[in-house]
Every structure is written in C-alpha cells, then in structure tokens.
C-alpha cells in the first residue's frame, strides 16, 4: 500500500522547472505515477515531505552544479527523521540555450550559475571569447530569464537541455561542459516507513554524531565498518550546528540495513557514537553489487550464530 | 623578502565588497599592509594568485553561508599548486540592513542568499511574518541592491554588518541568525614558498588521491596518521573530476609539516597514495595546541632515530 | 547433576605426588570432594579425562617450572574437545629438602629439575658453593629419590615444600628461589558440558586456526576482539602439527562466552578463521573484574539490538 | 676480523653429544671452522657466550623436542645483550637405537624424553605394544644410558640418529615419529657486533616490553609493523620475571634491521614501548623472500623522504 496512494501522490524536486533535478526525477519509473512539483530550495522540498504536503522529494546529494549539497546533508541530519528510498545519477550535460532565431554570433551576454560557468570555461573561451558571463541563481533561472518581455539582461543561458522545452528556447550548442564525465547524484527522500527491500546492490546512508572530540574516534568508526566487511563509498566530517570543532560524519556505505553485516556494524556504531541517524537503505543507481569479503555474507553470519549458540548451550 | 613587498602587495577576497570574506580578511594583521581587492568567485580569486596578479587570496573553506566551499576545495586540489598560509574563523552574524529612514514596519520584501535565509527563518517568522523573501546571489549583493535609483526590488537585506558601512545602509536589527554559534572558516592562500614557521599550534591541509578503489583504503590512510599520533580535524571524500566513484580525500590534520610526526605520516601517505597534495601548514585560528600522545613529540622521534642508528652501527 | 557424582569422582594432576600441580589442585575448594590421582604426564592426565577415567585434570598452563606448558597447549588444541573450567595461580616457592638428620653442611650433591636449578642459582652460589647439582625429571622426582634404600644419588632436593610431607623429608631451607614473585598458572580441565556461570571476572581461552598464511591475519584477529572491547591477557602463535610456517594462535581473553561482547567477538572470529576452538570460560584466579570500555556492556549490546530492530521494523 | 679468530674459535650447543642441537649446528657451514662443545643447558650455553668462553651458541628456539624453548626466549630477553646471527630448521626424525646385536624382539624397556615419547606413540603401539617406556632427561641421555657396564635400565632409546654414531649404537628403526613433518628451529647466538648483512630474505627477532597493562597495547604494536608492511612470523606474550600479568612480547618479523621499513617500525616501537630489545637480524633458513607490499620497498622509502624534503625546503 505504501507508495501507491489512491489519490495521485506528489513528489517535490529542487526547482525551478527545467533543472537537472527535474530531469533526474523524471528518470525514476516511480515518478510516472506522481504529480511533480518544483520547490524553491532543498529546505522547502524536505519540509514539504515532513509536513506531508508531498509524498517525497528529489534533491541533489553529491557534486551538484545547481547549488551546494551541504544543504541536503544538513537538512537530513537534523529535524524530524527522513529516509532516502532511491537514488539516481545523471550526467551533467550543459547546453547553450537562446530565444528562437538567435545564432551564436548574436550572443554578447551569457547567464548561468557560477558552478556551471566554471565547468564550461573551455568551451566559452573557444566559441564565445568576446561574450561576458553574468551569474544567475540557478541554471534554470538563467533559462527562465530569456523569456518574457524585454529588456533582457542576457542573450543566452547555460543550462540543462530540459529547460529548452520548458521555456520554448532553442539549443545553440550541446555538451559544452569541459568534463563530459561529470555526474550529479540525486536522492529521493520520504518519511520513514518506506525502506525498499534489499536487492543485493544497495547503499545505506548514515549520520554519526561523536561522543566527544577524542583523537582516534574516526578510526574507531571505520573499524566498525571494516571488521564486518562493509565498504564506504562516501565520508564527510561535518560541523554540527553548534560550535566549530564539534563534528559529525556523513557516510554512505555499501549494503542494506537488512544485511547481517550492515546490521551488526550499525549496532557497533550505536554503541560508540553519541547518536546514529539512519538515513535509508536503497538500491544503488548503478546496480553494482558489492564485493563481499569471504566470511561476511548473511550465510556466514547465520552459521557463526548457530555455532555460538551450540557452544553456549553445551554449558547448560 | 617574501610576504613583504616593497611596492604595496595585493590580496584578493571573495567579493563583492561587504561580504563576510572581506570582514575575515580585515581581521588578519598581515592584511593591514596590503591592498584588498574583491573577486567575483573563488576560482577568480585563486587564479589571480596563480597568475601573480595578487599576492594571496582569502576564500571561505568551511561552513560558508555565501556559497559552497566545494569550490575552494576543488580549486585547491587541481591546477598549479597553492598553499594555505593562514586561517581565520568568524562568527556568522546576520544583520537586517535598509536604506536610511526605513523602519521595520516598512519592510515588505527582504532579499538575501538562500543559505542566509535558511539561517534566519526563526527571526523572520517572529518579526516580519508578512514579509516575502527573494533570493540574491550573495548577501552582499542583496545589500548592494538597496542602493542606486528606484525602482527597488526589495526593502531590506539580510547581510553581514560590514555591508552597512560599504553601502551607506542602516542596521534595523542585529544578530538575527537562529544559531548564534555558527562560524565560517576562511583561509589565506598563496603560492608555495611562504610556509609559516611552526608555532606549536598548527594545522596541515592535504588532498590524498587513492591508487584504486580498494576497500580499506580509507582505513589505511587513517592508520598512517594514527600510528604517528596525528589527529584529523576534517575529512571529506571528494569525487575527482573524472568519473563518479573515483575519490580523493580532503583532510586537515593537527601539526606542522616541520613536526617529525607529521613528516613521517606524510611520507607514509606518499608511499600508499597515488598522489599527495600538500596544501599548507599554518597556525590554527584558535591557537589550541594539540594533545600530543606520549612518544610522539619531536624529542621522542629524535631519540628513536639515535637508538636505531646505534643498533645498526653495532653490526659494522 | 554434572560435577557432583554420587560415587566419589576423581581428578588427575601432573604428578608425581608432591609436585606444585598437586599443591595447586588441593588449593581448589572443589577438589575436597574428589579423589586426587597423579598422572605421569600432561598427555596422560588429559587422556584420562577424554576417556572418562577421571572427571577432570589439573595441569600447568603458564610459566611452569615442572616442564613446558607447550604440552598443555598442544594437547588441548587437538583431539577430542576439552574445556577449562577453573584456574589457579601459585607462587613458585622452592625449598631444599633432605632426609631427617641431615644438615646443610652434609649436602654434597643436590638434585632438581633444570628449570628449578636455573631459578635457585643465586642461593646455591651463596649457601652451597661447593655442592654439585644433578638433573632430575621433575622436582618431585628429586625429592622421591631421597627415600628408600642406599646408595643415594644425591643428598638433597630442590622441590615444592609439599613434597616434604609426602616423602617424610625435612626442610633445610625455604624460599630459596632467586625470584620470589614467580607464579605458575594451573588449569582444571573437564569434558564439555561443565562451563561455569559467568561471575563478572572471567577469562576465556581459545585456539584460532588461520585460513592461510596471509600478512595481516593477526591484525584482523586482534581487531575482532578490540572492536568489541575484549582485552587479551595472553597470546602465542603456535606452529600446528603440520609444517613449520603453518600457525595457529593460542589466546586468553577477558570475559565469559555468555557475555554479549565475547559472543560477538567469537562469531567474528568464526567467520574469518579456518577454525575456532573454544577451550572454556572460567572465573579468573585473581577475581579481577575487567575494565569494560563504555558501550561494551551487556546492556549496551541489548540496547543497540533493540534500536536496530526498531529501524528494521519501520520499513515493513 | 670478527667471526674468524686466528686461534680456532668455539661454538657451544645444547648437549649432550648426540642431540638434535648438535646435528643442527653441524649443518651450518660456518661451524666447520669451529670447535663444537656441548653445554648442559640453554642457560649454560648462553652464559658461555656472554662470558666469552665460546664465540657463539646454538640453541633450540621453536618446537623443540629436547626441552622447552621458553628457556631460550627468557635467557635472551634478560641479561647482557646477545644477538641471533643465523637460524637452521631440522626435521625432527626419531630413530630407535640399541646396543649392537639387539633385535626389535629383544626390546622390553625403551627410554626417551617425554616429548619424544609423545611423538612416537603410534609407532610404539604398533611395533612394540608390550614394551614399557621410561622417561629420560633428553633423547641423547637415553642413548648414552645404553652404553657402559650392566645392569642396564633400558634396552633401547628413542633418539636422534646422530646419537648412534656417538655411542656406538645400532639403528633398529628409523623415522618412527607419528608426524614426519615436524621441525625444530635452532638459532646461533653471538655477542652484538656480528649482525650479518641483509640478504633480501631475512628475519628479525625482538622482545617488546609494554609500558603498562593497557588494553589495546598489542593492537598498537602490530599496527606499527603493519603500517610499514612488515609481516610477523611468530608472536608470544611472555610474563616478565616480575609479577604474573606483567607481559612482554617475543616477536619474529620478516626483514632486516637495515631495511628502511624495518628500521621505521623499530623506531615506532621504541617510541611506544617501555623497552625494545633487538635480538638480531639474520638470513631465513628457508631463503623465502618476503612479499613486500607495494610502497614498502627501500626505494619507496627513499623517494618519500626526497619528496618530503623538497616540500619542507620550499618554505625557506
């Protein structure tokens, strides 16, 4: 029943319309059954989930060009608990968009988000050496600024291709990023109670709050994972909202909370951390199954428990 | 000779004028001897250093409200080598600024950067419940937008207090952030060749590139630090510019490259990493001396080396 | 019912009568209800337990002066499983014994076990500089050799004081060991099925067989203990009966198999070792309670499991 | 000049004549130039080296059947420093020896050391089921007891084959041990000053004294080795001569003190241990070269040092 409302549900995404976030959300099969609504910020999107205004929200998590993912990490780490239930990674492909009829020669001023600007410098230097670049709040905002009544502040926008459809623009150039292998990872966030079943190729996201600033705390934490054969795919120390120098760790690891090795690692972390915030177990976007070390499969855990129980029973 | 130019030197900072970056730079004693120039972006500021247009640049590193520090980390991790030579941490204090003569009652529209907005929600809800908030590219840009000729897009700006002086504005309210203990850490970056001498309370910044995505790589790295008693104060896995899943680690640790324990840890990292990028050793902003574990002082290292040499010599 | 036979049970000890092993066994309260029988060797004593000829055997484990404890370790590590159910540590106090009527001046030849000889050299040099020392198979055998019909091979024996009573000898000198703080640890071994209940001050003995000779295997093993806060009190790599270079580890750790932290460590070892042989959990002879690290008590383990179950349940 | 005396030098071995120790010493090429003298005990042999009565001593180290190797470990760990300069491993092959003219049918009583007895049980059960076995102080003593005038206490001896030549005995049966793959490792010990040069296939022996009984001390020690890619081949916790519960570790590791990775590990141990006793670097008896992890060769260490020096120099 979860996840399939009788009245059409709603998913929010980091807007405005035409962002990479919207493109990512449309790439998820589950999104086909939902109404998709832009949110002005990551905070707003996640609050809408917490307040049950929407059933979920798609927000950028890693390497976003639309703004800092710190916002996502920080919003998830505090407040009412939320869970990541899916992820998607999109190649970051920039296009140069303009009003119909414009040609490359007509472009004097280009608008885009500073991060996108940084990633298209090579192309701009070669193809529009004389153009000036003005910053916009997002790549979609740069595209949106091309429509409506003159005067226009800019002639073209560097943006996701999807924005061309939204705003009736034309694509002057495609794939203009300097680094064609850049990706952004987005996550779909819901209230607890929708943890997807384990697929064998899953990821788990956590926030670990330290008990005190004692040297070696990080080594202890990593050992809790390593000893159960759980590999990390991302780690960041993050200042907590309190004073500088007071840290937590934001972590992605391989595996699902239902896996024995992940479960035991979580219990180990729970014992040594001031707090462990579980932010979800969900299928990996790339479907890559983890290389589970010998002795760390569910079968190995079950067989070890059986062995221990037999030993303990022998003393009765 | 380095660091004390006969013709006045120049330092860049992340502009525009009136940002927290400018406030931070003015807080450094060394800045008094330099001309201070705003840069439009972190990239631009650091490029100016690389191209010797300026002698150094002050940019945000951690917990910035003006934009992502990912920009700083990524810019330092690639390209021509730069070194951090100093750091400063500033409390993030937001003020509500308006044109002279305005009162709180006159404020209908407030402009600010989305991150600042997120940090002042509580105050806005209580004191300006009816006002709408429009996003700006930076808090300083919001303040700058209050001056000049009408029509104005907004009536007040949430910004650093320093912007009031720059733009001839009045402070309607001070310390309006929800979290009065938030800090931002800024770093002063120069070309290699200006490493400050060790003070006993130093920090070292590194970027470590992994040889291959092998599980346990992070544990190995941390062990190189731990075994020499070097504590970390910040760690982030960062996707490299290539494909998702290819990571490096951005790290701050206690101590100075001239310290024996830091030097041996660096050599250990050099042996197991694909690349180690040294981003500087510099005095801690808080002057807090590290708690060096017994056996890890320079004296202990020297005495161990003397002992080994005697043993090796005995076989001759 | 176990351990309290209706017909008087029997305990073996490493003989002959008058050894430190007998003295140790008589120090155990449980021994009062059993008939005590000397065995010619550790192997013989343990075989008698395996063949149910006796109900248990007391053998030296650590720092014995009567012969190598390797015998005990190796016998326990192979063959039909046995379990240590108790331990006792005795100070190693040597006495010089002689037939009634003898004085120190009459002593020309002293017999004792070579290990005991090594530990009494100082006293002999000062008090019997002219005496020669002949080796015997055990200290008790040296004492036994003083009785019966002449001719005698020696005039006095260095031995445990208890041998004086057994063989009708007199004590010429007491506490003649050079190191008055030496101790020997003995263990009481039974068939599985008599594991004593946890007392809060227990020890667990294990033999760990390695899967293959891979570097780092030992570090992995120790990490399994450390991550659950289980301290080791003894470790020895032991060649297995097969080829040199093929090792197992003989280990004592703090805690009882019924303790959650010990149980989880055992399961972890079971997963990474070729074989784990449980040799018993039993009260420490010194009653010293372990310093259990924060987060590692049974209560901490139970609370972590409860927390995990709640998280896992939330996805249903 | 060291090691090649103008007057013939002397080496001691654990006697009496005819032991496996003598056989091992004769297997060392260097022994050809020395006079070989039996010593009554390990202590006596090592004392003779310390007192310069002999130039070196060959004593059993591991898995000896002639008596406990604890004696060797303990003697080397205390007193005036000595160094192991070579090692040799011999297969433990037992033979049944008797006076000329005896046949297997004549054997009623067999003498041997209890350890040898334990290793020949299978053969005795099958071939001499009716014979009784009496213990002797060493296998060589059992053989020696067969010569001289009657009455004889035994008819045959289980011993090393070499004893047949010494005592004019005949070999009734060969290779009668139950485990034909057993080996004993012997070491040649000298005064410091004779460390052999590194061969690329070396071993280093150490004794590490702990600062205090703190949990995790062993893990710290092993990490010092692991982080420099130095593998252990033997480890034993050993009670020190003081009180039970006060431990040191006796360790063999791969590599030579002249290797950079071993040297750095030694310095690390020196910093965290109360005392580190270096007991020698010497060629492995099996000539097996260590599998040195990438990054841990002498070349890697030298290159890391060069890199660090360049970085440090850049700040001048």
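The first chain written gets the first letter, and so on, giving A, B, C and D; residue counts start at 1 in each chain.
Everything that follows uses one rule, which is that contacts are C-beta pairs under 8 Å (C-beta built on N, C-alpha and C of every residue); 3 or more make two chains touch, one makes a residue touch a chain.
Bear in mind that the values here come from a model prediction, so they are computed numbers and not experimental data.
Undergrad: Which chains lie in contact with each of subunit B and subunit D?
TA: none
Undergrad: Rounded to the nearest whole Å, what is the centre-to-centre distance of subunit B and subunit C, using the mean of the C-alpha atoms as each centre?
TA: The mean C-alpha positions of subunit B and subunit C differ by 60 Å.
Undergrad: How many Å are there between the centre of subunit C and the centre of subunit D, using C-alpha atoms for each centre?
TA: Here the centre of subunit D sits 24 Å away from the centre of subunit C.
Undergrad: Could you list the positions in subunit B whose residues touch two or more of the other chains?
TA: Subunit B, residues with two or more chain partners: 223, 226.
Undergrad: Answer with line, ring, star, complete or other to describe the graph linking chains that touch.
TA: Topology of the interface graph: a ring, with each chain touching two neighbours.
Undergrad: Output every touching chain pair, sorted by label.
TA: According to the stated criterion, the contacting chain pairs are A-B, A-C, B-D, C-D.
Undergrad: Under the touch definition given earlier, write down the residues of subunit D that touch subunit C in their complex.
TA: 40-41, 43, 62-63, 67-71, 89, 114-115, 117-118, 135-137, 179, 181-183, 185, 215-216, 218-219, 222-223, 226, 229, 231-237, 239, 241-245, 247, 286, 291, 293
Undergrad: Please give the residue numbers of subunit D that touch subunit B in the complex, ascending.
TA: Spelled out, the residues of subunit D in touch with subunit B are 192-196, 223-224, 226-228, 257-258, 263-264, 266-268, 270-272, 278, 281, 294-296, 300-301, 303-305, 307-308, 311-312, 314-315.
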